Amino acid sequence: MGVRVAVAGASGYAGGELLRLLAAHPGLDVVAATAHGQAGVPLGQVHPQLVSYGDLILGNTTVDELAKAELVFLALPHGASAGLAAQLPSSVKIVDLGADFRLRDAAAWQRYYGGSHAGSWTYGLPELPGQRAEIAAADRVANTGCYAVAVILALAPLIAAGLIEPTDVVVVASSGTSGAGRSAKANLLGSEVMSDLSAYKVGAHQHVPEILQATGAETLSMTPVLAPMPRGILAAVTARPTTAGVTAEDVLAVLSRAYADEPFVHVLLAGRQPHTAATFGSNSAHLQAAVDLSSGRVILTSAIDNLGKGAAGQAVQNANLMLGMDETAGLSANGVAP
Amino acid sequence: MGVRVAVAGASGYAGGELLRLLAAHPGLDVVAATAHGQAGVPLGQVHPQLVSYGDLILGNTTVDELAKAELVFLALPHGASAGLAAQLPSSVKIVDLGADFRLRDAAAWQRYYGGSHAGSWTYGLPELPGQRAEIAAADRVANTGCYAVAVILALAPLIAAGLIEPTDVVVVASSGTSGAGRSAKANLLGSEVMSDLSAYKVGAHQHVPEILQATGAETLSMTPVLAPMPRGILAAVTARPTTAGVTAEDVLAVLSRAYADEPFVHVLLAGRQPHTAATFGSNSAHLQAAVDLSSGRVILTSAIDNLGKGAAGQAVQNANLMLGMDETAGLSANGVAP
Amino acid sequence: MGVRVAVAGASGYAGGELLRLLAAHPGLDVVAATAHGQAGVPLGQVHPQLVSYGDLILGNTTVDELAKAELVFLALPHGASAGLAAQLPSSVKIVDLGADFRLRDAAAWQRYYGGSHAGSWTYGLPELPGQRAEIAAADRVANTGCYAVAVILALAPLIAAGLIEPTDVVVVASSGTSGAGRSAKANLLGSEVMSDLSAYKVGAHQHVPEILQATGAETLSMTPVLAPMPRGILAAVTARPTTAGVTAEDVLAVLSRAYADEPFVHVLLAGRQPHTAATFGSNSAHLQAAVDLSSGRVILTSAIDNLGKGAAGQAVQNANLMLGMDETAGLSANGVAP
Amino acid sequence: MGVRVAVAGASGYAGGELLRLLAAHPGLDVVAATAHGQAGVPLGQVHPQLVSYGDLILGNTTVDELAKAELVFLALPHGASAGLAAQLPSSVKIVDLGADFRLRDAAAWQRYYGGSHAGSWTYGLPELPGQRAEIAAADRVANTGCYAVAVILALAPLIAAGLIEPTDVVVVASSGTSGAGRSAKANLLGSEVMSDLSAYKVGAHQHVPEILQATGAETLSMTPVLAPMPRGILAAVTARPTTAGVTAEDVLAVLSRAYADEPFVHVLLAGRQPHTAATFGSNSAHLQAAVDLSSGRVILTSAIDNLGKGAAGQAVQNANLMLGMDETAGLSANGVAP
């Protein structure tokens, strides 16, 4: 008998991926899966791919339902976690996949999200220096945003090493459509998104402040792009080197040192670029670096599965740490490709 | 220490998927992975998604290399298995993902494949009546063709039950592009296949004779279609009912009875149609049935992952049986979606 | 100054494609484009691809608005055309892209659509024998359904020539997602439909009765499949030959003769299969034939653009005939590929 | 009888799109279409979508064959145009879709292409100030690179207006796979590119020097990305404003003024982002601007069809100018969507 866990928001894409991972997890047992709008419906109708949970009946997202668990995953729309978390007993550990508790700075919250700031929890990116131990000691962890994972993993070690300027970082990152959620919207219809690329929330995406907070970058320009594929994020992260002669090898040396012992962050060999397809279904991030021939800018490329390391995979990794389990339990570094 | 296995043809799509499954298998250890054209290359360059085998060096596809293993998976182009198999010691068990040993009838081989017929091995579809025990007792097993899996699972129980006519079965089945292999061909370029559907080998596909052999169908019309997605097969299988009043419920009752205890074959609830996306990365087959309003024909729909239950997943399932392991070891019934 | 035309239902996919064709048409001028839910909105916000109509304001779908035109295209949901058509002055010609007036048989209407039967208009497929003249003489024309176009063009000449049996025809046809319309539905989200194939309305699709009516087929089994691409229909149509020795050449000879003078129906050379991508954006249909090695069934493959020859292109072709213009005006036989 | 034109490189994607446009052009007649490797083959086998040229036999790419024409389009691999152009009579006008004659600076050529620099022709982007008249007066015109079109149209007016810094421009631009050509390469197989994003030639793409040359930018960082769709480029172009208070409205005012009379460049209304799908098959570019909340960077987004305004459409536009025809003849501003 494993540790009892619950998933709130089980009908969405992140909730579904969580359940897929939990079904194969050696130490966690799902005791409740809830969904506001579809309580009473068997999970097989909502996630036909999850045949091993096909008969599980979705519950209501209530404190009573979730408090059956020792650890709760909240995969709810932004803004919905805070209220629920406040009512859950302190004995129940929580991993929040939403944004409510990611930011320490109330002004930044106000600027990018609006509304009142709920506070901040331990930031759930174990690969940041010192963060693994904090997560292991925490009862409340705020998962990192999907774009933020891809950018922070590339950026943080270089700023820490003083190799790049912390100002005027420029990010253009493309995401598969599952990042936009499962609500029925005309602009997300297959007919609209297949064969199409378009930018959105240009210069105003809400993952910027958590990237600044986690990396020490001072300003960062962000252009998110919706890409015609179900999953995956590819981020191009560029920054000016602090000294003129910085080479790709210098950058790669820093990245390789930072992630030498990490099971899920892979710095690629020279000549190989990250492919989102290679991260599909995995908890991996793939990184590469170059220096621009014309401008001398450092260009980092970073690929993850937005539902894996960008959401559900990361959440399980955090839960493993919080529960004192093997950090990699139930997770795979290998992608499903092609 | 697990059972030693080897993969011949590791650079192809089926070979890559096999390695992905083997990396997570609790009882099998990969001791050799070979690839004719890419011997000496680290696997990470060929399958960037398989980071846990990134440093494994591909070997030559030789008897010596493969004979290190207790069980060998042959994932080679059709026609290449027979020669190799003849040279492997009889103590080495073999699962052949190719077609060489699927057919008992030399004339059928001649008609659909041409060239000399190598003979026949135990047919590797455990869900056929009596077949599980035969596979468990065999040292040589011929995996089922990808289209054949999807069609046979739908068709066999109904012919056996006498519910449909065994003549004039009509199949139209669409496959993702990985079914066409990894050779660089202009007609398989992304630019050509995205946003496109086209039929190929119309009325002449080589999986027809194994379907006839396995189901007892006497004639079967087959139209394969190349679909704009990496993986997945959706087969529509239609046949005339033996008596006029056959209903969808009758058909579903037969299917449900046939697969009640099967871990990987799922007869869907009324109103749900199989989605290839729900089988992505899994070893599952999803089935549904209807009766046509105009013609009264029985229409079965069947979805699998062509690299999963259609190739690598099925091969692992067979290997598990041949080695006396849990049939489901290292396999998942749950798909990776969206 | 050209003939004044109006488009009702301009916000949908067929409506948008109609406007694209009309923008390039040498003899037709759009005087009104209406959309129930988006009246008052500039067309550029609804169809950003139609920059030449970017400032055109969508009107209400009312008799007054549409009666400005000499010819009205109705691209409305099934069931909405009949009421509107009844109120339009008889001097206004109408091409209805909906199903309301396609069927002569009220019982067939009842069976496949339900509700009361509005009556029947001239059937708008000029390539049927004698139909071109009827359309040219008509003031009211019912456009053919999208699947129906693809199937009828393949089937009708062979039944007429007595080469195939008119019973037990089996059709499996896949369509791009634009065929499912532009309403925001969760099952049509890009995340759901990309990388997926699934069947729907199995054995019960409403285009069956019009195929029977137009071809003389007596029964026809129909399996529609949703394919992961925005546009295109590929139909596989199989039927038993009337005599044993029928060859692909026999079939192609009949088709070639039937369409020798047709500008939009192309019987492909031996060895070439229809590709939906080759019809993208065109008014063309591509046809090929084979005879199945196992069953002897004739297998016809047929590709169209569901929004082209399957909807808007066909509608313009019919309008050209009704107005005494060159039948090909404003239409292209060439597809946009890749 | 129109002006006689020839297409060298007719078997590639740009060549095919050229022929599609030429088939509908009111003033140009194709007298030769050549392809090195496929001479003697009917065009219908190479471009099945071009049914109106289905029987045209591809010729050899020789001076004699091309000199039949009054104007020749060269759609050849980079490096192949110079030799051929040197031999064509001076009376034959040439539009080169390749890179050979784009750069004035031999050192820049050497740096990004290598090999000897063939010289420079009139740069074929009519929307640049003064360029339209130069093109109209020229007999030899070098078409703009596909990424370059998308970037230059966004960037040039802002640098000219002194609104943004000409140094440290950062571009991340994604292209559909047709931009990578039609050669059979394993990394461009549909199975590899569908559901995948990856960067390539990071910081080293050969379109950078022509962007610098055409815009006055001094340095530019460039990250090209391969996107899972057949066509389309979306470029995100960011630059620091010259003064702190620059707003999106300021930027849009400059762009709107620059392109007020341009038939193919469309500055979108506030709140609308460019979609590549809206430019599919057209000669249009769609532009939008924003100012980043964190960094104050100006972010321009720009969408084109890489085979349209990025190649064949632009070539026809240039040919129209060179021949004194209506600049828009044979071209459409409207895209084919969805």
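Labels for the chains are A, B, C and D, by order of writing; each one numbers its residues from 1.
Assume a residue touches a chain if its C-beta (ideal position, glycine included) is under 8 Å from a C-beta of that chain, and two chains touch if they have at least 3 such contacts.
Note that this is a predicted model, so its numbers are computed, not measured.
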Higher-contact pair (C-beta pairs counted), B-C versus A-B: B-C
Distance-maximising chain from chain D - centres being C-alpha averages: B
Distance from chain B to chain A - Cα centre to Cα centre, in angstrom: 34
Chain centre separation (chain A, chain C; CA means) in Å: 45
Interface hub residues of chain C, defined as touching at least two other chains: 13, 176-178, 191-192, 194-195, 228-231, 275, 277, 280, 338
Chain A-facing residues of chain C, complex: 13, 176-178, 180, 182-186, 188-195, 228-230
Complex interface listing, chain B residues touching chain A: 13, 16, 20, 23-24, 44-45, 47-54, 178, 194-195, 230-231, 266, 268-269, 272, 275, 277-282, 284, 286, 332-338
Sites on chain B touched by chain C in the complex: 111-112, 167-170, 172, 174, 176, 191-192, 194-200, 202-204, 208-209, 212, 219-223, 225, 227-232, 234, 236, 238, 240, 273-277, 280, 288, 290-297, 299, 301, 303, 338
